[in-house]
Amino acid sequence: MEVNVKLGQNNYGKSDIRLVKVFRDSSRHRLKDIWVDVALEGDFEAAHTQGDNTYLLATDTMRNTVYALAKDGLTSSIEEFGMHLIQHFIKASPKVKSARITFTEHLWARINDHDHSFSREPTKHTATVQGDGTNFTVSSGIGELFVLKTTNSGWEGYVHEQFTTLPETNDRILATIVTANWEYNTLEVDYNAVWNQVYQQILTTFTDHYSPSVQNTLYLMGKAVLEGVPEISRIHFSFPNKHHILYNLERFGMQNNKEIFHADAEPFGCIEGWVERA
Amino acid sequence: MEVNVKLGQNNYGKSDIRLVKVFRDSSRHRLKDIWVDVALEGDFEAAHTQGDNTYLLATDTMRNTVYALAKDGLTSSIEEFGMHLIQHFIKASPKVKSARITFTEHLWARINDHDHSFSREPTKHTATVQGDGTNFTVSSGIGELFVLKTTNSGWEGYVHEQFTTLPETNDRILATIVTANWEYNTLEVDYNAVWNQVYQQILTTFTDHYSPSVQNTLYLMGKAVLEGVPEISRIHFSFPNKHHILYNLERFGMQNNKEIFHADAEPFGCIEGWVERA
Amino acid sequence: MEVNVKLGQNNYGKSDIRLVKVFRDSSRHRLKDIWVDVALEGDFEAAHTQGDNTYLLATDTMRNTVYALAKDGLTSSIEEFGMHLIQHFIKASPKVKSARITFTEHLWARINDHDHSFSREPTKHTATVQGDGTNFTVSSGIGELFVLKTTNSGWEGYVHEQFTTLPETNDRILATIVTANWEYNTLEVDYNAVWNQVYQQILTTFTDHYSPSVQNTLYLMGKAVLEGVPEISRIHFSFPNKHHILYNLERFGMQNNKEIFHADAEPFGCIEGWVERA
Amino acid sequence: MEVNVKLGQNNYGKSDIRLVKVFRDSSRHRLKDIWVDVALEGDFEAAHTQGDNTYLLATDTMRNTVYALAKDGLTSSIEEFGMHLIQHFIKASPKVKSARITFTEHLWARINDHDHSFSREPTKHTATVQGDGTNFTVSSGIGELFVLKTTNSGWEGYVHEQFTTLPETNDRILATIVTANWEYNTLEVDYNAVWNQVYQQILTTFTDHYSPSVQNTLYLMGKAVLEGVPEISRIHFSFPNKHHILYNLERFGMQNNKEIFHADAEPFGCIEGWVERA
């Protein structure tokens, strides 16, 4: 059957570029360890419909570019490096309209405050930078921050209907792996300093209240971040509820005074939301 | 600092519910093996800002619901089961405005055409169903279909600039892991039959042309699907370019006549786009 | 504290070498897609205790060697290629006493019987070859073969003691991911043909009996393989018991006639054993 | 063909039991978060060859046992809990001859020194305890400790032969993910204290010398541990060499003064060995 078809939204690029930069400006080395995804959007119609590659930048070239520009362009934050890369890619190919650079930065701590030896931290600094070379949208984030509190959390007063079997509790384990992403109301940002502020605020809020639900803790974290960091316009959290289920020891004539838990792998609750400035 | 904040877009639900249903209507058993994510949207303001759970359905209840409704409601396709679940969730909680159900179905083949013994296929049937109980948006997809052709693919005529080092070729290995997602222009669909049609068409198109780029093959696959399946309005592909790099044997006085390749794990090209009806 | 220490057993090598070879001897291409680990043992005392690398082969050299020798040495089976590699490594370094080569071969099926287009199968052909250049030990294996039967399996008559709560059943789902490894009583083996025989025999035995336990099915599979393949001296199986748990629908006033199951991710039973010639 | 077969070495048990214990003896809670595998060996002939389960303990019972015994038996170290479990399992089933318990303990740090809030550390405390109820073999270990030094490491003076292309260097990045396992010459051990000692010693040795090879660093680490911890009889390390490859910027008219590296995912060198008391 002959039908009329056309190309819709499309993008292409290089993913999972693994770049390490060592700053040797003094004998006390510093280190940036980042994974980079590049995605370009533009007028790539001819490549798709005609097989005409004339205006395509090879994804291998994008890889080379990330390493080459890192030499002078990666100085402080991944967010600034992202804007630098976008400015280059917009110029390098006349048909490119916009670019999106996505980063995962692995953080390293000095071993015993040593000058050039490090051990890797679990938590990630993430960022996505998008732009047309003139205007940029920057978002930053936290990944793989696994937190748990052994008490001061509950889950009560919810809907009880035909399929509800879960007992209410005012004392449970609350555990989640924080994924946070936030946006800015300015480009005048010290991105690494803000990241540390948000990271500390999330940890502090996690400890400072009785949690009646993951939803409420999400809101309080977002509120605290917005109160503490004026540069942030809104923040999103994705919280898997890592359920810890009281193991039934009563079957064996034993008591379980909230001591023995099964850390269930699946399924998991998933609570997500934005907190914004009003 | 006192600032005004508010709750933005939010959703919550249960993820990674692992359901297997055995159809025992004859001695020739059938099997559905699906992973389900449930996400609800609605007016959950009080839960977030006040810690008031009155209108929250527990995610544990959502889990129970998926298993309970599967008994009568999961008869043929995951897409139809998704609509059935949404109708229930909208009724079960007065504050829920819409629900999104995401599925990964694992496919099983009979062992030696046996009545009740199966081995698992690599490729997945995915689906996302969203709706308010009256109107539904359905998309279906294919995941983890790993295909490779040893010839009849090239990459030539692209932009050459300062960071371009990749040599051109008219004979390379093309390999990708197909992720496809498509939407419908009707709800009168035999979803499993369509899935099989799309699956076969993607395989056939992969074999039937010289590929000058992943982009062109993406477009040709989309065009063929839209020509063959009138119920589909548009289709999206995400193609990691699983690079196979000719290993340099010339250094050892040997020739490499496109025989010996390194299957590079990372980085990978990533080519994505929609093909739509004009 | 000064203490006397010495180097014990040690080995080193290159892991996760990803090699693809295309056989272009006719327009109907064939394909080998293998991951290779090389490990060498020998007298590496000076390297460890003195930092003297004089007799060390770089692991990068091992990588180059695998690609280079694949050109002429990888013709049929990974097992034969392993012996070929070992003979080389023993000669390449005077201090090497023995080598172990471990393979994972990814299997590809032709798409629509096409000459050069393939899709990847889920199941792996594995092998480990060890030797000193003259004598070799070869073992072959199957990995990632996920099988399930919906009936004709039970679990009854086991020990009941203070911590036993599991109900007995004569009709359950039996599901496992087969990992098999076998050894030979000869080096005159058509390894690929034997692999196919074992693969088919495992599938057939899985279907042909009522299984009172994973242990009994393990034994029957081993027995059938040893009866069918005289070149095999013994075979080992590792069977995760992928539990499928009847979901309790009775709480909701519904019956669950062995239709609705939760596929539990963890914990899992793990049953392992050798079946040997008497 | 009728052939004589017999059952060889075999074991079975429960894997991936996920146990969390909260110590509530004061308002300053403590936490143990462990994954447990249980494997039993014994006379299970009848189960395998006859399908007679009379002497089999269900793996579900093993799971229940781990949670139940954790209440009183998990007080300090996983190593001691392992011995406690083995003593139980030997008594619980008359045909069991020996048991092996394998642990992965996830470590948690207090958030801001808070009484009941924690964040998870990347590194694991592992242990394997094996025994017949009277005699025990204990080994302890470290997993997922990712370390990197930006200088003070090289790789020179190795074998140069036909397939050697790697350039020598006296200044490279050295990075590895430490997996260590050690054995004891006594059962009078403060296992957690020893673990911390070994962990600190490995970090310190990583920083304190020029590394001419991973092999030499492995030996020096082992030597330092044996010198510092008299209870340890020998220690094994497995070191993936996480290669960081200088990116070739000279092609673009730029210099790369050991600043810009590609963190290669695969293949990786793998260096393994024991260091023992002489």
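We just call them A, B, C and D in the order they show up, numbering each chain from 1.
One rule holds for everything that comes next: a contact is a pair of C-beta atoms (placed from the backbone, for glycine too) under 8 Å apart; a residue touches a chain by one contact, two chains touch by 3 or more.
Note that the structure is predicted; figures quoted are calculated from it, not measured.
Shared contacts of chain B and chain D, meaning chains that touch the two of them, come down to A, C.
Judged by contacting C-beta pairs, the busier of the interfaces A-C and C-D is C-D. Averaged C-alpha coordinates give centres for chain C and chain D that are 22 Å from one another. As a whole-number value, the distance joining the C-alpha centres of chain A and chain C reads 37 Å. Chain A and chain D have Cα centroids lying 29 Å from one another. Contact with two or more other chains is made by residues 18, 64, 68, 163, 165, 252, 265-266 of chain A.
By the touch rule above, chain A contacts chain C in their complex via residues 162-163, 165, 251-252, 265-266. Those residues of chain C lying in contact with chain B across their complex are 18-24, 29, 31, 33, 64, 67-68, 70-71, 108, 111-112, 114, 116-122, 145-152, 173, 203-204, 206-207, 244, 247, 249, 252, 254, 256-265. Note for the complex: chain B touches chain A at residues 1-18, 37, 39, 44, 47-61, 63-65, 68, 92-93, 155-159, 161, 163-166, 212-216, 218-219, 222-223, 226-228, 230, 234, 236, 240-241, 266-278.
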